[in-house]
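Here it is, the structure, as structure tokens.
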Amino acid sequence: MGKVLMKGNEAMALAAIKGGCDAFFGYPITPQNELPEYLSKHMQANGRVFVQSESEVAAINMVYGAAGAGARVLTSSSSPGIALKQEGITYIAGAELPAVIINVMRGGPGLGGIQPSQGDYKQITRGGGNGDYYLYSLAPESLQEAVDLIKESFEIADYYRNPVMIAVDGLIGQMMEPVDFDHEVKKWDLKPKDWVADGDRKSHPKNIINSLYLDPTDLENHNLKLKKKYDDMKANHQRYEMINMENAEIAIVAFGSTSRIARTAIQLLKEQGVNCGILRPITIYPFPEKAFKELPKEVKDLVVVEMNTGQMIDDVKIATMGTHNIHFYGRVGGIVPEAEEIVDAVLKARGESNE
Amino acid sequence: MSNTKIVYEKSKALEDVHLSYCPGCTHGVIHKLVAESLVELDILDRAVGISSVGCSALNYDFFTCDMQQAAHGRAPAVATGIKRFKPDSIVFTYQGDGDLGSIGIAEAIHAAHRGENMTIVFVNNAIYGMTGGQMAPTTLIGQKTTTSPEGRTEAQAGLPLRIAELMATIPGATYIERVSVHDPKHVMKAKKALKKAFEIQKNKQGFSLIEFISTCPVNWGMTPKKAVDWAVDNMIPYFPLGVYKDKLAGENK
Amino acid sequence: MINEQLIIAGFGGQGVMLMGQLLSFAATNKDINTLWFPSYGPETRGGTANCSVTISEESVNSPVISKPDSLIIMNKPSLAKFQDKLKKDGCLFINTSLVKDVPIRDGVNVYKIPANDIASKLGNPKVANMVMMGAYLAVTKVFSQEDIIEVLKEKFVGEKASLIGINQEALNEGAKAVTL
Amino acid sequence: MRRRITFIAGHYGSGKSEISVNLAIQDKLNYLVDLDVVNPYFRSRALKELLDEHDITLVESTIEGKLNSDMPYVSGKGRFPLQHKEVTAIYDLGGTENGTRVLHQFIEYIEDLKEVDFLCVVNIFRPETATTKDILKTIMMYEAETQLKITGLINNTNLMGETTQEMIDEGEKVLQEVSKILDIPVLYTVIEETKQNLTCAFGERLDLNRYVAKKWL
């Protein structure tokens, strides 16, 4: 099909279809509405399931039901809606079901605003709901990357039997870029779904989908089993990109659309004779701690840039364990930082450490 | 031995396990009716049951079909997910009055509203049993519970919610009936209603809900016999038995 | 080599978003990198609306344009909001049908096009945006008119196909307004 | 001397479960019936192994093996001691009058009320039972709910590790008043195992081992 120009929300919707999504359940919320709108047209036409639910809570519980019956399921929402969905997300993780959740983030807290934000970083990277669990969380910076990661996310969800979160912001949801939907994405080694509770007792023995463990020892074992998954994600599936790092003297740490803006900033910095790299987490859970070990020795200062008030700083501190000076620049309220602001932040950080 | 024959045996839709219900509780009877209906309609091998939160939360261990456990009140949404993906499955939820009538009323109404081809087994015992006898939306006026220690009053908690009547007003619903299991005659009637509900689903004719008047001797503070009498004397007058909606018969009482 | 950053601004309903999208589609057809980014929300309903378009043979980074090469200004408030951002020697296209008596900054190339008047003369006031587009293409030569018409042919199918003729005329008139 | 069957009632956290276990072990009873369907924590069923060691049969208030559940479950097995004159038993009820409500299931199996003690545990440092008036009201509620008379009191006045002799004396003073008004005895005064030096003037001294609540509590 070659490259086509699509709006972010629509491109992500089509990517889900390409990724084999069987069913979508969702509830309207700005700025992600084009996503369900697109799917309402194209899922049913392809014999797949589309339901606009009565609430965010119902939507995620429909996801839980369909995932339990063996479907590749998607839901999408934006920050306040994702907060409502946490009930179902923890059940999905607890019952070890695969599902893909797209969060097109907007500003908060509360009703906040509808403009782009990265304000859900903590909620996304700490599980979000009750209990000990995490989401494999991907933060693409372009539509092409979003499309590729969404296609692959269904594989990852099936592989881990765990929800996968696609964390983008209103900027990625609303912008248009050319995208190639035929990129090959990684195929994961998947086992047949012999655990489904779809009622089809002619093809399998009785299955129970459940997150209730009434014996403390059973629950502890279950928690440890889940932990093993998260340990495996951390050990083997951290993803990140190092940009312009070879001769860098200072580096920016940024994910999603913020890293995109940082790319322009480092070009402007180069014109001023400053060689600045970017460490771009692609997985925000597991956080790419390995990347920090690869930073050049010359890089002593890291400037964390986010569209929030510094939620990623803790993770950067844990990853560096005091070896670097951590600086921060952020914009909130739906205001997207301009490249020049990031340039100033880097120069300021550089100046401070040279004093 | 040729003149011996089996005249009764446990339904093959029920596991051979000890049910977690107190003596005198009618959950056991209702489980039996669900099980027998699934077997008699030959739909057991494509059934998925949704366990809810309440005293019946563990019934994923009791039925022999596939089961999925749902969050409090969300069983109809979970059922929707399964049914839409597997339209040929037979999906039922098993919910109490707190689960369906309170925290999950939206999910129940909207499953009916969409005309989901599923069956809700709704057990109304006018109290939260599992959490220790708190007031439910169906708790009667004057009924004492741990959160209405002086008896429920209209001023404080409103009038008890009549679920069958409410659900019958939803245009998307196909069949709504309220039954009771307080004596053999009514058990037979209840079975007929439940079987009809499953048959409607089997024929892909839409949403059905059967409300069972049930008892909770422990939290009502009564012996099982007294509890049954109390249900007959107090619940049934406020929650009259009968068919509240039968779209297929063209009648809508 | 093309490396163009453009902001188009006006009020909702002037076809501001569409103008930007047409340019991005034309870029995609030529396999040139592009990024279209709208300001959205309440602004799109009656207030000011704007979009940023980047067209580049290099990779496109920030979706947010802080120093555009060109500005297409469809109404008064948009001029006030954006003109200071324009690069030195950048191109400033102003719809003078609606933007009058406003001081314009120095150090940029200003093109005044009475787009609404021209569109009305053509018999369809809605094509004022395409008049501006004609002027923009004629000056910057980012794409030819044919490139844009090709996109319109892809997008305007069925009943809308009849609109292609007037859009073509609007492009021509816009071009004339800046070259004559 | 207590009667063949003992029901223990009291406010949440008054020490019912701890006292039930201690009495069952000390008096070598045959059955401990856990009827606490109100509070899922600190129930005597967690002590199954300990009770097995002492040959005491535990009738649990939840489904076997599902310790994490707050699923209430009243076992029909609880009737057994009532119907069998050769066994002794103690019944641990849930907190407040709500916890005593469960007795309705069993009352019809009691053939002779003379075989039954219905004891109320009191700690005057619980605000609900701080004064004579409060205690009388509490007892009235239990009696109204169950239609059974309270036959004796247990003085469990304590502030855990901070308990002093003065506190116990104060508890005894209050309970003596209740005892006189209702004409029922104070059967026990509870002394924690870690407070061996304390003394009591009324009722049998019950040296309490902590089995239910963890020692560090």
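The letters A, B, C and D name the chains in turn, as written, and every chain counts its residues from 1.
Everything that follows uses one rule, which is that contacts are C-beta pairs under 8 Å (C-beta built on N, C-alpha and C of every residue); 3 or more make two chains touch, one makes a residue touch a chain.
Because the structure is a prediction, the values reported are computed rather than measured.
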Chains most often in contact, by C-beta pairs: A-B
Central chain (by mean CA position): A
Chain A-chain B separation of Cα centroids, rounded to whole Å: 40
Chain centre separation in whole Å, for chain D relative to chain A (CA means): 54
Chain B and chain D, separation of their C-alpha mean positions in angstrom: 37
Length of the line joining the C-alpha centres of chain B and chain C, rounded to whole Å: 63
Multi-chain contact sites of chain D, meaning residues that touch two or more partners: 63, 66, 69, 71
In chain C, residues with contacts to at least two other chains: none
Chain A: positions in contact with at least two other chains: 214
Residue ranges of chain D in contact with chain B within the complex: 37-38, 63-64, 66, 69-76, 94, 98, 101-102, 104-105, 107-108, 145
Of chain C, residues touching chain A in the complex: 21, 24-25, 27-28, 31, 33-38, 40-41, 59-64, 66
Residues of chain B touching chain D in the complex: 18, 20-24, 55, 57-58, 129-133, 146, 217-219, 221-224, 226
Chain C contact footprint on chain A (complex, rising order): 3-5, 30-31, 114-115, 170-171, 174-178, 257, 260-261, 263-265, 267, 336-340
Interfacial residue positions of chain B with respect to chain A in the complex: 44-48, 50-51, 57-58, 60-61, 64-71, 74, 77-86, 89-91, 106-107, 109-110, 113-114
